[in-house]
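Okay, so subunit A shows up in both of these, paired with subunit B first and subunit C after.
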Partner chain A sequence: MPRVYQIVFTGCFLTLIFAVPLTQVGIEIYEGQRPQVSELFLHLPTEANLRGFESEVEDSSWFAQFLRLWMQYLRFELLWDLGEKVLLGRDGWLFYRPDVQYLVEPYRLSETHHAAGDDPFSAITTFRDQLSRRGIRLMIVPIPGKASIYPDKLTRRAAAPDRSISSHTLELISRLKKAGVEVIDLFEPFRRLREKQPMPSGQAYYLRQDTHWSGMTVSIAAGVVAQRIHNLGWVDRGSTQYDLKLVSVRRRSDIIRMVTVPGIERHFPAEEVRCYQVVHRASGKLYKDDPRSPVLVLGDSFLRIYQTDEPGSAGFIAHLARMLKHPLASIVNDGGASTLVRQELSRKVDVLRGKKLVIWEFVERDIRFGVQGWKYVPVFAD
Partner chain B sequence: MVFTSHIFIFYFLPFVLLAYYLLPRGWRNLFLTLVSYIFYGWWKPWFVFLMMLSTVVDYACGRTISARGASRNRRLGALLTSILANLGLLAFFKYYMFTVDNLNRLLLLFGSDALPILQTTLPIGISFYTFQSMSYTIDLYRGEALPVRSFSDLSCFVALFPQLIAGPIIRYNTIADQLDVRDHTWEKFSSGVGIFILGFTKKIMLANPMGHVADAVFAAESPPVLDAWFGVIAYAFQIYFDFSGYSDMAIGLGRLLGFRFPKNFASPYRAESITDFWRRWHISLSSFLRDYLYIPLGGNKVGTSRTYMNLMIVMLLGGLWHGANWVFVTWGAYHGVLLSFERWRGKKTVYSWLPRWGRVGITFVLVLFSWVLFRSPTFTHAYHYLGAMLGATPVEKASFLLAAQIYTPANLTLMALCAFFAFHPAEADDWVSSLSLARAITLVVVFVLAIMQMFTQAFNPFLYFQF
Partner chain C sequence: MSEPNRAFAFVLVLNGVLAISCGQAGEAGVDHEVTSLGSAEVTARLLEIPGEFPPNDLYDYAYVLKYRVEKVHRGKVLGEKILVAHYNPLKPRSSVQDEFSGLVGGNLKKFRTGDVHRMALEMPLDLLWMGGIFDKYFSQRGIRYWAIWTNLVKK
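So, the complex of A and B:
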């Protein structure tokens, strides 16, 4: 290569590597900030300070923020790649990768019970014992992940009739039942429904582009739970009458929102979801929780969807309340059903006063990936 | 510090290049030593002192070895001190926990109490810099190199940041002259830029995405046959583009600073036998082990059975060098057995009669089996994985959902690109050696894309950092 080209080539390289820091410093000075890079000299060069400085420099980089979006968009347009958290299924279905990882990767449940153990079996049985000492019963409701119910929408391989998913959750359910814990198995009813009662065209039991269940499915799940409560006779049926009101909402996919690229979001318009709002018959007002209820429901975003999200009062809690004929109390922590929701309960333990039953819902992937694991939580001070 | 990080590309490298070329020549080695210590200490500052200690010991031993009138015993003593100090450091930080753990298993077997284990952290790159540092005293002892002019020259050699953490392993006698005098030309600088860009691109655009595929498959409970093969091929590409990418970046950075490092890879997946593979894979380690271990053991000059034994010793220790774990030792033994078998057949394989593509294909498959051992954390895992590759493990639970994770348009496209480049005869050095205008423009575009891609990736260190 002639020397002049060598110089131009080298110049391009040097321009690229010098332009980024110089532009960054220029922008920071223009915005009246102290240049981020000066932070390096203001603290001792300890391991923690250096790590902190490095991530600060990366996070605040104007170039990184700008180009990251473009690269993700380019990868989507060229290769249909939606990033590390999202899996593109068939017929436009989207899946959350940890949901699939939970099913595919090995997971060994702890063989023994430890009162302070960091595993779902110990956490649930310990919580059951804590409540039992106060005369409160516990019911567990693990929610099947979308990939467990719609594996054929993830890959053509799962379309064969003998390819039903054997989730680790079923093992946990079986062990909990053996330990005397009341667990609702929604896998079987959901699969049976899918096989025998296909939803009307364009509708499904789970949302196509979201991690959650559909507006109709919450009512089905609430029905299964309510039926079990009646059979066990744990809570008396109330007398409050509720009516149903069919509404449609447009829901933006939580999976696509994780990608955080506006250009990609535009490719996935909001899904139309039909659901039933629960309305208090006497007042005509939408369902509202009652903290004095004998039933407390704990859980994650599967409880929040349609309930406090749009359209409101159409989620699992409202439907369960309608079937039990009395309002319920609830504590919902997005993504935190494994430990955070119990910690929240321990901070407002008065909520448990007068309770007969606690229903604890969590999505199955939390068995392995629950935020903060399955820590022991001393719900009661004593 | 990682080459493929924001801090390195946009802060450390521009600063080093600017300051290096502004400084008078006499100051440059000292400057490189200081910035190399910063580069190394960025991870854990205290470990810089460990490297300094190794350098001080080797400098002192080197002075003794090269002192006029030093007796043979004195010189030998100094050499042994250097070797023991370096291997001692390596043994303590890399093999101490492994040894005590194995000892405890034996003790428990005989009903004795287990020994307490002191938890140690493996200093990054220790396997590389101790070997390099040791090569100085060995070369001096053998009379294959002259002593350094100053302590800062030896410090510069040991700490030189481009190849400090993951090689290539540079022997002292390879760059002794360059530490003294090295030229800086546009040709050398621009070719360094080209090699660096290619290495950077290999790591960001090929190795990291292949790593995600391999991770998904190796983490699966019991992958179906096709997926297991896809996974191990992805790992083969990951480790090759990761490690050769690092080596290319090291060689490229070396040229930016006036050094010429030997190449570390020569299209290894085009090898026609395992013997050929080891001539092409991690060349600097293979030649180091050959010159400093195999030949001193007698090499192939001490009879047939000793030759096989020497080969096995070298490969077992080569495996152990990669990590304190029996799976690495077994990986080394597997290659040792194959090398011995080929030597027994007069350096020919049983499939040497096949056409070239057949020989390359079978060698690649043999290497794939070894990568299963290399990638698996335990023997049990390796056993199950090999079973899955051979269709002997039943597909359980939801493993067939793996297809959705790995056979994506992006992964299939990148896999095809990896296959093309891995089986292409040209390495980065060859490609850059005849740099045309079109290639230069391609490199700039590819560099911009790779930087954009780097911004979308989470922290992803090089595989060989763990060794």
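So, the complex of A and C:
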């Protein structure tokens, strides 16, 4: 081979090898940072340090970030692929993949979780017993995921109305009821509503592009829970009067927020949502929690949506308060209803003073995918 | 010295020079924001990261970290060891602010145990952040501070 070819090939090879790291070092120096590669020489070359270094190089690589962004863009434009956490359904509906995985993948509550000491059944019954020793009752409210109520918007093949696809949740509900835990089953009323009372055109009981329920559905769910509390006679009906005020908000999809494809909002603009704000009749002010309430509500973002999110005071908590005729206390931890919210309660345990009832809400996928699992939490110090 | 050893020594020296030369700017982590935002300003050492940071996919979390206060520059903090919640700690502070966070920022790129941070803090956390909170210190009573601005103090 002529020497000039050898030089060209060698040059190309060296460029391939060194162009990326040298450019990365140049960018880091230009931005006033210490080059990431120097970390390699500043720590002992243990397995943990080297793995950490590898991970940091991947995270901080300008090339990786730049190329990843444009690869995702191409995948979306050519294949309508929105990434590993998002499923594109029918008629423009979007689904969060763990919601669907929870429904369709084989999974045994008793084996998977129990072996790891990470069992929703044990966590709930233990919490019930902790509260019971202080004279406080517990009510559990598992929220159906969107795919449970709208499987036909995920795929045409899942549209058989008589087929239950939320068997994991129904199994847990059944076990809890047998153990004497009060559980609200929202699956049946939601399915019945879909069949018997279709929403007006363009509206649905769940948001098309978001993981959450619609502004009207929070009120329906609050009605089911309030009715059960009244039937059980667990909490006296209050005397505070509230009115409703119809408002519309534009909600940017939480699913689309996860997608890093440039310009994605053009394809999935914010959804308009109608909801009812709860207004204190005497003062005309929007609903506000009262920590001294006999009822404490614990849960996740299904409680936060419309409540502290826009438009405010239009979420599940405000509607339940209106139906019980007194304000409620609440602790909300997004995505953390399985364990984090009880940890937060443990930190603020004084809020349980004077409580008669704790309502614990969680979205059904958390039965399997709850952040931090279903850890035992010593809510009370003793 | 053999050829490979010479090359390795060169890379080592080059990195040392780069590390030293890049460690000059803003060593004490002082900038306009950290000295003016929030009700307190401290220099504190990050004592531990109690577990993996949660991924930033569907939710945005605040993650509570434990610090030992080295100096209080402004305002008042309670105790030598404090618990500080950082918004989405997987992201560099310069790009962490979003529509939910309110004003947060700084020059810190990555949280590492043992590093010293200069922070502008506010409290109480529960009134400043309504979203998810990872608090592995939940059994410890006391204040959680909200980190508004976090700069790295270079050693």
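Throughout what follows, the second predicted complex is superposed on the first by the 351 of 382 C-alpha atoms of A that agree within 3 Å, B and C clash if a C-alpha of one lies under 4 Å from a C-alpha of the other, contacts with A are read in each partner's own complex, and residues count from 1 in each chain.
By definition in this document, contacts are C-beta pairs under 8 Å (C-beta built on N, C-alpha and C of every residue); 3 or more make two chains touch, one makes a residue touch a chain.
Computed from a predicted model, the values in this text were never measured in an experiment.
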item	value
First, second, both or neither for A:37, with subunit B first and subunit C second	both
Which of subunit B and subunit C A:211 touches, first, second, both or neither	second
If touched residues of subunit A are counted for subunit B and for subunit C, the larger one	B
Partner chain in contact with A:103 - subunit B first, subunit C second, else both or neither	first
Which of subunit B and subunit C A:244 touches, first, second, both or neither	neither
Subunit B versus subunit C as contact partner of A:56, first or second or both or neither	second
Contacts of A:193 with subunit B and subunit C, given as first, second, both or neither	neither
Touched partner set for A:286, first subunit B, second subunit C, both or neither	neither
Which superposed partner A:71 touches (first subunit B, second subunit C, both, neither)	first
Touched partner set for A:29, first subunit B, second subunit C, both or neither	second
Subunit B and subunit C footprints on subunit A, overlapping residues	37
Residues of subunit A that touch subunit B when the two form their complex	1, 3, 5-10, 12-14, 16-18, 20-21, 24, 37, 45-47, 50, 54, 57-58, 61, 63-64, 67-68, 70-72, 74-75, 79-81, 83-84, 87-89, 95, 97, 100-101, 103-106, 147-148, 151, 154-158, 163, 165-168
Subunit B to subunit A touching residues, read off their complex	5-7, 9-11, 13-14, 17, 41-45, 186-187, 189-190, 193-194, 197, 212, 216, 219-221, 396-405, 408-410, 413, 435-437, 440, 443-444, 447-449, 451-453, 455-456, 458
Complex contact set, residues of subunit C against subunit A	12, 15-16, 18-19, 22-23, 25, 54, 57-61, 99, 109-110, 130-135, 138-141
Subunit C contact footprint on subunit A (complex, rising order)	25, 29, 32-35, 37-38, 40-42, 56, 60, 85, 96, 211, 252, 254-255, 258, 301, 304, 308, 332-336, 340, 343-344, 346-347, 371-372, 377-378
